[in-house]
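Data block below; observations after.
Which chain is which? They are A, B, C, D and E, in the order written, and residues in each are numbered from 1.
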Amino acid sequence: GCGGSQQGGTPTAAPTAAPTAEPTKSAELKKVRLQLKWLPQSQFMGYYVAKDKGYFEAEGLDVEILPGGSDIIPEQNVYNGAADIGVTWVSSLITYQTQGYELVNVAQIFQKSGLLLTAKKSSGIASPADLKGKKVANWFGGNEYEVLALLEKYTLDKDKDLELVQQDYTMDQLIGDTVHAASAMTYNEFGLVLESGIKEEDLVVIDMNDEDVAMLEDCLFVNADWAAQNKDVLVGFLRASIKGWAEACKDPEAAGELVYNVDKSVSKDHQVYMAKEVAKLVTPDGFDASKIGQIDMAAVKQTADFLKLYNKDLTSTPVVDETTFNPAYWNEATK
Amino acid sequence: MSMLSELEGDYAGSVISMQQKKETEIKIENLSMVYQDKNGGKPVTALKNVNLDIRQGEFISLLGPSGCGKTTLLRLIADLLQPTEGRISVSGQTPREVRLQKKYGIVFQNPVLYDWRTVRRNVCMPMEIMGMEKADRTAQVTKMLELVGLLNFGKHYPYELSGGMQQRVGIARALAIDPEILLMDEPFSALDEFTREKLHIDLLDIWTKTEKTVVFVTHNISEAVFLSDRVVVLSPHPGRVSAVIDIDIPRPRNMESKQTQKFYDYITKIRNSFEGV
Amino acid sequence: MDKKEKYKVNLVWTACIFLFWEFGAFILDKVLNDPLAEAKLPYPHSIILSITQNFTDLMTASGLTFSRAVMGFTIGALVGFGLAIIMSLSKVAEKIALPYLIVSQMIPVLGLAPIIFTLVKDMDASRIVIAAYITFFPVAINMLSGLNSVDMDKKELLYSYAAKKRSIYYKLMVPFSLPYLFAGLKIAAPMSITASILVDMLGSKGGIGVKLLYSLYSGTKDVFWASVVTSALMGIISYFIVVLFEKIAIPWRRQEAN
Amino acid sequence: MTEKVKNVLLPLCFGILIIAIWQLGFIHAALGFKPFQLPVPSQIVITLRDNFAKTMFDTVITVSAALTGLILGCAIGFLIAVIATMFPKWGYSVLSIIAAVNAIPIVALSPIMNRWFTDGFSQKVGVVTVVCLAAMSINAYRGLNDLRPFAKDLLESYAASGRVIFLKLRLPNCLPSVFTALKINVAAAVMAAMISEYFSASTSGIGFGIKDNLRKGIMAKGWSYIVVAAVVGIILYLIVMMIERRVIKWHASQR
Amino acid sequence: MSMLSELEGDYAGSVISMQQKKETEIKIENLSMVYQDKNGGKPVTALKNVNLDIRQGEFISLLGPSGCGKTTLLRLIADLLQPTEGRISVSGQTPREVRLQKKYGIVFQNPVLYDWRTVRRNVCMPMEIMGMEKADRTAQVTKMLELVGLLNFGKHYPYELSGGMQQRVGIARALAIDPEILLMDEPFSALDEFTREKLHIDLLDIWTKTEKTVVFVTHNISEAVFLSDRVVVLSPHPGRVSAVIDIDIPRPRNMESKQTQKFYDYITKIRNSFEGV
């Protein structure tokens, strides 16, 4: 087994001592580095809100939010100590776990998949079955499993029945008609396509959740060793983050503006758009806002199963238990 | 000593000589050349107010102390340098025009061989430019290498040659195309006396046959006397013509010419005109 | 060519490029009606407009990138220089090292970064190390070819005085190779900008690389092109800085100016 | 030992030494790496063997684009050097323009090329071409103009045309520098082709293999692609060196 | 001509001379040098079985046709080249050891100046290597440049000098460090006769005062006779010692020495031994 190291265990012996609620002096703040999976944007608004509102500080933490980038791999950076806590997709995390990385998911921020396949109606694609013989783009590098699952569901051979190509950072390939269908996150790329002037009614959207091939995305994970040694810190971090997320989801407009003010990577409108969409993934309709970050083991199992099916590089069967997905810290934080 | 006073007359009239039958080919008027020192030093006046007429078919030698401007004068004639003052005309044309008619052949002071060409191909180079036929070129290269005694080294690269051998390649290259005006800058300085004497004879032979004009720079007074119709002595800093001496030794000249009293007298005379500098 | 004339030539060039580009953009946009015209080849005047609009932003970003490039370049140039010296000192070292220098250039930053992070720990230091890593190669190869081109007779002069290796390098090999070195530096200087932009993308908080990445990702084409042009301008500036140093370091070559 | 044997043996021995140290886990111990972070050579070799056909296919894709771009880039770069030499007044500025282009990172060039060309091959060739320009034009310019004293005078005295001076003097004179540029560019070309594959609209090529696998943490496979790239780089480099030895045997560097 | 027959005796016994009081310094035994042609041509035998003893403090000249191996021999003595056969010892040591003791000073056939150094700094260079004090260096450079008549050109770069001036810089550089063994390869070949004569006297002056051993390559027979204790004539292809001639002209020598019959006889003799080659 991999990731099955003992010391990360003791999930039942979750931290008991509740951290002191009163703000500690800044001198005593514990430094924590959070590695984002991508650029600073509303996708991560919960942490920005928590930081801005002083929730981290209240937990005695000085959180540094490290932006992601094209050559940044959160799993690697957390594992080798360049960061303490990371944000990544569950599908990607599991791949790392099966390699032997002792990384633990400690909170599942996104409850739904934000991935879409989108195409222009003019391309003749009306349903996933129409993808046959078409050029379909995805970013790969761990973002492709849902698409592969979708193809499998429609018994399309990814090598023979269609051309799967790599998608660059932009949506130009779709806009410029060099691919028929492209991947898009509800909260980002899809918005960009709309902003580029293409009308929503001219687009077909294939939602992974609707197709029942969804995999879990943004989660918080840590190194098992680090977690064992910094329980209080981790729990404090989770508590503050959840608070931040809750607030952000309640008022995404404000959260989007806040993120925009922190780092103007994207226009304010887009940041707000993203915040609204992200809120739908963190607190989907009917989801209890107090359960933000809860790890839905059934969904994790589904993600792991799909991975097992569609990721030929997986060297061993994914282990889904408390050594890899440990709800204890979340439980403690939300107690 | 009687000889010497006899010569004195020519010296005074210098430019107007007994060979007036031939027309002036290279006319140098009021020529001055100043090199600017780019690194902030004083400018160097290499030549100042030089006047000289070189007749067609003449063999003229330039003598003068090191650094007096001989090479500079040669380069000015060849249009490789532009004078700061004065002018040069060659048969009524500018040096540029003459150069563009490919009338010059130059032997440089240091051989200037191309590293990437073998000896044969170095000698061949000007002929390629002249557009000579391949077969003719090969024959001519062989002839020239034979002349300078390097037939066995045709396939060698320049770095495999001794200093004198490199210089001989340069000579072979200049002679190969049979230029109308031959400018030679100390061509034999790195050669032993025997090779040198052989080449003297060969050069005079070629000169007689082809009636070229030869401007010959040398440090060797006896060489200058032996070869030339006239010897021009330059004085240094700034370079001026300090004497022009007609050499009235009958041609064809040979080894015996060197044993004559006249020969010695010329040498002494030039030596003196030198010392007067 | 005097200064005034140089200035004129550069002006004409700039104007020509501008006009040509403008024309090309016009053709693409209005004649071919390309829907992606703005992304493929935007009007240069709109790029200039976008640069002025984002001027302070771009300047702070390029300041960060440039300073990192300068550090990466300095370290890279020194390492490249040192490697070349070592390889010319010992033929064995050259034979052993050369293939591995090539290998080093084949390891992309994506594979390298985790190793460097682990080794260096500090992210900012890692970025400079990576920028240097990308920069050193042309300097090393160019300098080495300079060192290998030194005329034998020039070396023999120093051998005859039994000069120590150190003085041979100090007095002959290095000065002789300076023109080669500077050719290498001229290649490496703009490359260090490229490298610095690349490491901006390693989760940096600022820099032109971040601007490029963000603008690409968010589809803000005007900012993207403004960043591209800014990086190109930095390249020219870095190049001219090297040219300036070359003029100072190689006075004996001024003869060729005419 | 003959020179040739030494040339191969020395680096090989060094390589074997490194591989041994690596395989035996000394590097991992020193840097605190786990084998899954940095695979050991045997893992890489096994992965390479298991995935050989696909890897070779990817190699052909990348190398063909790299070589095409290399040739194009070197040719254009050389042409620019020629123009800068022939028209010193107006042409020289092109070199600084090249410097500007050289400062545009591949990560920005690739998306631009992606928009200009629709297929992965042309996009890669475009990027590689641009990347190869600077080293060639700057080195070739130096070689075309760093003439020995009086070398040009000799030809001018024969009223050789600019063309002849170029063919007979400048061209051979610049060959050593051209080879220097080629050595830099073979490495740059393979690298640029790989990086542009990070963004190209295809799922093959060494670069894609590296990016896709390294991002997913499938290190052995990612590194097996890196190893292939390294081998390709060395082979191309050796080819350049071999040609160099034949073509400029007269040059000081070859003695 | 009586003079000549008198000399004949020495010639036969060549190496054992009248100056036996001085000990042998440079001993050349069975020396051969073959250059391999790397481009597939025939190997060139530059020297074959050369035997020669040079005594301490001796002024010896090497004469011989172009390409006969003079430079090669000098380079072998200086440890700049390794012989294919035979050996050289200098005061019982190998050339390498002597070189490492910094006892050599060489004037190369072509001046080998460093482009990036001004004339002054070129002359200064060997002194820097010897670790001389800065002030001493400056003084010595000035002295040397004065000697060769280039004081006004100290700040110029080599490309701004004429051929002869460059050669003089090379001479100044070699003399500046006062080496024990001075190897000079055609040092005066690019100089006019007057500069040359001045430098002859200066060189002899320095030699007398410092008692150096001088190995002097030249093509000028009269120069060789004027300067040397002995003249070695080499024959070409392959280079061998074909004659060794003791020059028994009393020292100090001056311009008058050149007017003596003995002087002319020596010249004739060497000339003949040359022609016999």
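The working rule: a residue touches a chain if its C-beta (ideal position, glycine included) is under 8 Å from a C-beta of that chain, and two chains touch if they have at least 3 such contacts.
If you want to know which protein each chain is, UniProt gives these names: B, E = Taurine import ATP-binding protein TauB; C, D = Putative aliphatic sulfonates transport permease protein SsuC.
Predicted model, so just to flag it, every value in this text is computed and none were measured.
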| item | value |
| --- | --- |
| For chain E, the least number of touch steps when starting out from chain C | 1 |
| Touching both chain A and chain C (chains) | D |
| Chain pair whose interface holds the most contacting C-beta pairs | C-D |
| Most widely separated chain from chain E, with each centre as the mean of CA atoms | A |
| Centroid-based (C-alpha) most distant chain relative to chain B | A |
| Separation of chain B from chain E, taking each centre as the mean of its C-alpha atoms, in whole Å | 28 |
| Chain centre separation in whole Å, for chain E relative to chain D (CA means) | 50 |
| Chain centre separation in whole Å, for chain B relative to chain A (CA means) | 87 |
| For chain C paired with chain D, centre-to-centre distance based on mean C-alpha positions, whole Å | 16 |
| Sequence positions of chain A contacting 2 or more other chains | 70, 73, 76, 80, 168-170, 172, 176 |
| Set of chain D residues in contact with two or more other chains | 37, 107, 111, 115, 149, 198, 211, 214-215, 251, 255 |
| Residue numbers of chain B (touch at least two other chains) | 39, 110, 157, 159 |
| Touch list for chain C against partner chain E, complex | 153-154, 156-164, 167, 171-172, 175-176, 178, 250, 252, 255 |
| Residues of chain A touching chain C in the complex | 35-36, 39, 66-73, 76-77, 80-82, 168-172, 175-176, 188, 192, 195-196, 263-267, 270 |
| Chain A-facing residues of chain C, complex | 35-36, 39, 57, 109-110, 113-114, 117-118, 121, 123, 198, 200-205, 210, 213-214, 216-220 |
| Contact set on chain E toward chain B in their complex | 35, 37, 39, 41, 44, 63-67, 70-71, 109-110, 118, 155-157, 160-165, 167-168, 185-186, 189-196, 219-221, 271, 274-275 |
| Residue numbers on chain B that touch chain D, as the complex places them | 75, 78-80, 99-102, 104-106, 108, 110, 112, 114-117, 125-126, 128-130, 157, 159, 177 |
